[in-house]
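There are two complexes below, and they share chain A, which is joined by chain B in the first and by chain C in the second.
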Partner chain A sequence: MSVTRSSSTLRWHNIRRIATQQPRETIFGWGIYSVTAVSVGIAALLIFNSVRFVGESSLNIVAQPFLLPLQTALTLAILFVAVEATLSIARPREQGSLQILFFAPIDETILIGGNFLAGILVYIFFVLLILPTLFLLSWATNFVIPAQLIWAIIPTLFVVGVAVAFGLFVSASARSARSAVLILVAVILILLGLQSAYSALLSIPPTSRFYDALLFIRTVLANLQLILLWISPFHMLNVILTAALNDDWLVLLRQTGIAVAATAVWLFTAVRMLRHRGVLP
Partner chain B sequence: MLRTEDLSKSYDGHVAVQGLNLDVRAGEIYGFLGPNGAGKTTTIRLLLGLLQPTAGEIFLFDQPITGDAIGLKRRIGVVAEEPLVTTRMTAWEFVRFFAGLNSVAQPEGRMEVLFKALGLWSARHALAAAYSRGMRQKLSLVRALVHQPDLLILDEPVSGLDPHSILQVRAVIDQHRDAGGAVLISSHILSEVERSADRIGILHNGRLLIEDSMGGIRSRLGSSNIVHLTLANEAPTLPEKLQSIPGVQKVDVQPRQLAVHVAGTRDARPDIFQAVVVAGAILIEMALEEMSLEEAFVTITNQNVQQLAGAG
Partner chain C sequence: MSFASSLWQHARWGLLLLLLLLAAPPLVTAQETDRQDTFVYGINAGIPDAVIGTFAPPAVDTIYLMSTETSILSPRITSVYYWPITNDYRASWNVLNEVVEGDLEIMRGLQTIETIKQTTYTIHFHVGRGSANKPTLYIGADAEKANAQFQADQLAYRNAALAYEEARLAWLDAAREAQSLGVAPDDLPKAPVEPAPLNTYSTGLNSGFPLKLEPGDYRIRTKTADGTIVPKSERRLVVFEPRRTAVGYEVIPEQRWTFPEESNDPEGAILGAENTVVYLKPFVTREYPAISYTRLQNPQDASVAQAGEWTWVAGEPIEDSVLELVSGNRVITQIPLQAYTVKQTPGGEYGYEILEYNASTPDLTPRIDFVGYRLPFTSDNRNFSIQLRSPDDTLLLGSNRVMRVAGRNSPILLGFISLLPLLAGAAILGWRQQQTSRIKTDNAA
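After this line comes the complex of A and B, so read on.
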């Protein structure tokens, strides 16, 4: 009854089994539909604002009305899959059910690989849910969605890869599901905090008596931000969508390459960390 | 099928398993016993690669598990003391998922046989998470057997089961053994192990104290059997005749009831029956009372505790 497979074929087979099983759990849950509903609401609000702006300013043009709604929706989707990935190992390990999976021909690489692909599939499912709404809004408002913006969704898969891989790394490292989510939230807050602090410092006028004292901190924050921008999926998303709209293929390719490299690093460290932490509670 | 060589595991200064040499053979049920904290669960986790040993080696099907662990896992079925199944899958989907992970082509036929044998057929489309503890335990056995493994590792397979379910589980395990598979059972329910195990290993403080068949353990412990006789009439010469049988240590006499204590594991019943006939007694009942596994277990583990105390 058992089909004879080589070890590498069995690995790939089981990565696909896990990758197709995990999204089922998400699809039958309410989380993804809540995120979709919020995304649709925000997108509709932003488009409505653009329509009002056109009406009030008596202008016949508005610059890229679908860029911000799509970017917001995809950002929420990336956050959602990152949280899912963050819980995907830590939660079953805490409950003690992860070890049952390891009774089957599964190892750390297969589990991380399966969960990674599962995250990508959930993101694709989200995009399939959100796209018809955007087309409906386009039809209702007569705002055109540029073809480049639709095509740009494809390279955003690599950006999602970074978020999922990072989520898996956190999940593999954390002691519990709660601490995994806390770590993820802390990282996001640090990213946002750095940006806000830098913006706040920029707004201090040169006439202020604190200007010189804060110049050093501003430089440090600027450099830190520069480093974080290289690894932040949200920045990557922004760069990719903008590059696609501007037909800047070089930037698009470079950013995609950075995303692939970051994904590989996070996946590798996630496997190592899971091997180190083990699958027992 | 399963062999360990000087397997040891220690963490945080505590020795959980020490120099363990296990040998589970094809076509046998091996009872793996030990009091709480003896190192049974640690040993099982080591065998499954969930923990890394501090020293020693594990061989599954004559291959060290450091090699092709993925390939070797396909030949093992495991039932552990499992927590609540949190998946949204039905029981049928749950087992089919694991059949898929084990590359079983068209597992439905095998699944039907197992679901029916364990009395889960009518509940197969219910959510696995909604199953009772006993049903989950049986579902785990279905999951462990769906890919027809060569080696079955069972940690407390009948705990929490009702008598009817115990019979079902026992039948399925016996069937696996009869088909040439090996079974390693770790359990606290000694009567269950005594009933089904071909060989028994007793673990205490991380060390394997004894490994033998039940008869072998009785023999090694130098235990005595008691033969209870119930007579229809008085036979004054019978106690004397019984006392002269080789191996008989003492005879307890009550009116029409005698208890003959026989040293070792020799079956003295033919000699006793002959003595009854010669003494002119009419025998109504003869019953053999052997040392139970529970008594053997307590004796062996107590001896170990005393040895350790002496060494200290």
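After this line comes the complex of A and C, so read on.
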């Protein structure tokens, strides 16, 4: 009994060691601050445009205030942690340091678990960096940040979990750090492309009330959105933030559940893949 | 060949051509539509403030109805044709409109959950808009009673109109005669009073299946008395309800009163420029699945394909409440509903002025152009919200809106704020550098 307890304590201790190492490196590097500045810059631009519109037409009715600026900032945060997760195994394996790390009492589950927690911690740090600046933007322009949106940041942790777990899976399965990043970029482009194409088609009116030349593409993309609910963290982020803003707690809970399930699947496959691929370059 | 025979030869061909041309008109006709006598469902779909009349030809697999209102499905055999110009099927009810006897079976999965008998119904449409003028649906014995009453009212109106016409002619004759006798205008006989118009229209007595079901996905079919299913009567039935019901506002900016905007989302915000005025006209608004609502109005519509999209639909106007301005959880003022007149003023700031309507000043405010709540955006009160309180002193759910007077919009200020994370990073990295140097110094010492 005590042996089991000490074993699990040791495993948890190792997970924590790995989980704190990665965020420490991130905090003491310029990367996260640059990406945060870019995300706040984009949010500022979106708010600037909204407020400028008021100046020009004296009135602006915003259906979902602050949703787009926050969503953009959090999307960049997800991209950042996904890239970090993608490099977290592939790079040390390529450099040979992963092999050395495995001389310590560390196995695949500990490594994946530690890196997963590291990704979540980096995301939390990212959010802590952008939140005060977003409040400042809101104060300066007298723009509205609905309280529901702030609370909705908590369930986005589960969405980030999906992105980090997928990044770790790619990292565990890729031959090199470069190919891991290329795979991630390709997947992100496909996911964001499908989501953007669907949104773009929504703004294109049908050819006529009785005939729509784009009907087939619309139907295909609409059905793909259902798949994206399960695999795309960007789509999950959109659903969660919109549901929180609409006080649609049922949708929010359902999407959170989906995110947890998807995270578990990716983490499990990442561990299996790491066992399969091994630690050698 | 002589000249005469050559002329005859040509004339013969000419005659033949002329005969062909004369025969041509009966050959050139308008494009015939391919008509087919087939089973359809006539639909009277109830929505909160109206009844939408459509039909579902065999090409339409799914019928959409609302759960909150009673709708009528009428099984009919009618002449249906395809109209290529609008790319839809149309029914010639005047050519064929045969009632199909039978009951409507409603199924969920494979189980029949309800069988509805065909019954008589009538719909009375009233002139005007608003909850008071909502069409009335009468079913069964009520329908027969309402129809008899409508016919009696119609007859009474016709008789009254005839009597009025006769009285008017008699009055004209009497007035003309009195005028010729030199009677003073004040002493002329009084003109007869015109009867009040009949502001109700009726569909007459029809038969159909009244439906009011819980939201969900069903299958329906018409079954005859001998138990056979009427061919082409099996359809999918989607019954839906609004996801949210709230109070929407039509926002009329004073600077462009003919271009109002709408605020439907209760979580939305209205941003206004400082020292401007808006007028708010509240109404009930409901959020429906876009595809269901569009196809309820036209089952053949192809403009919405995506499920999962939602649309706000403006409903009945709200004209009996008071608008409250709230700041810091405290009601700071109550604004009553007020009628306004728009007066053209050439050379003015906007070319017009919006004045409070006053019945006692007909020269200044001759008519009511719109009714609403006047709301100024001032620098004294930059952050506030609005809500509607009903006459029974309850707050109307979903009437709350955040209002903001737009603040500073300096790109330099916003750019500086964007750089704050970099400054924070520089501070952290500087501190780290300092720590590292100190440790190095300590180690060296």
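The definition used in the following text is that the second predicted complex is superposed on the first by the 236 of 281 C-alpha atoms of A that agree within 3 Å, B and C clash if a C-alpha of one lies under 4 Å from a C-alpha of the other, contacts with A are read in each partner's own complex, and residues count from 1 in each chain.
Here is the rule we use: contacts are C-beta pairs under 8 Å (C-beta built on N, C-alpha and C of every residue); 3 or more make two chains touch, one makes a residue touch a chain.
Computed from a predicted model, the values in this text were never measured in an experiment.
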{"item": "Which of chain B and chain C A:F28 touches, first, second, both or neither", "value": "both"}
{"item": "In the superposition, chain B vs chain C on chain A residues touched", "value": "C"}
{"item": "Touching partner for A:L137 - first (chain B), second (chain C), both, neither", "value": "second"}
{"item": "First (chain B), second (chain C), both or neither touched by A:S50", "value": "second"}
{"item": "Touching partner for A:Q95 - first (chain B), second (chain C), both, neither", "value": "first"}
{"item": "Touched partner set for A:H13, first chain B, second chain C, both or neither", "value": "first"}
{"item": "Touched partner set for A:L189, first chain B, second chain C, both or neither", "value": "neither"}
{"item": "Residues of chain A contacting chain B in one complex and chain C in the other", "value": "28"}
{"item": "Parts of chain B lying in touch with chain A, wherever the complex brings them together", "value": "45, 48-51, 68-71, 73-74, 76-78, 80, 82-89, 97-98, 100-107, 110, 144, 147-148"}
{"item": "Chain C contact footprint on chain A (complex, rising order)", "value": "27-28, 30, 32-34, 36-37, 40-41, 44-45, 47-48, 50-52, 54-55, 57-65, 129-130, 132-133, 136-137, 140-144, 146, 148, 198, 202, 205-206, 208-212, 215, 218-219, 222, 225, 245-247"}
{"item": "Of all residues in chain A, those that touch chain B in their complex", "value": "1-5, 7, 10-11, 13-14, 17, 21, 24-25, 28-29, 92, 95-97, 99-100, 102-107, 110, 278-280"}
{"item": "Residues of chain C touching chain A in the complex", "value": "86-88, 244, 251, 253, 255-256, 261-265, 267-273, 276, 278, 298, 300-303, 305-309, 382-383, 402, 404-411, 413-415, 417-422, 424-426, 428-429, 432"}
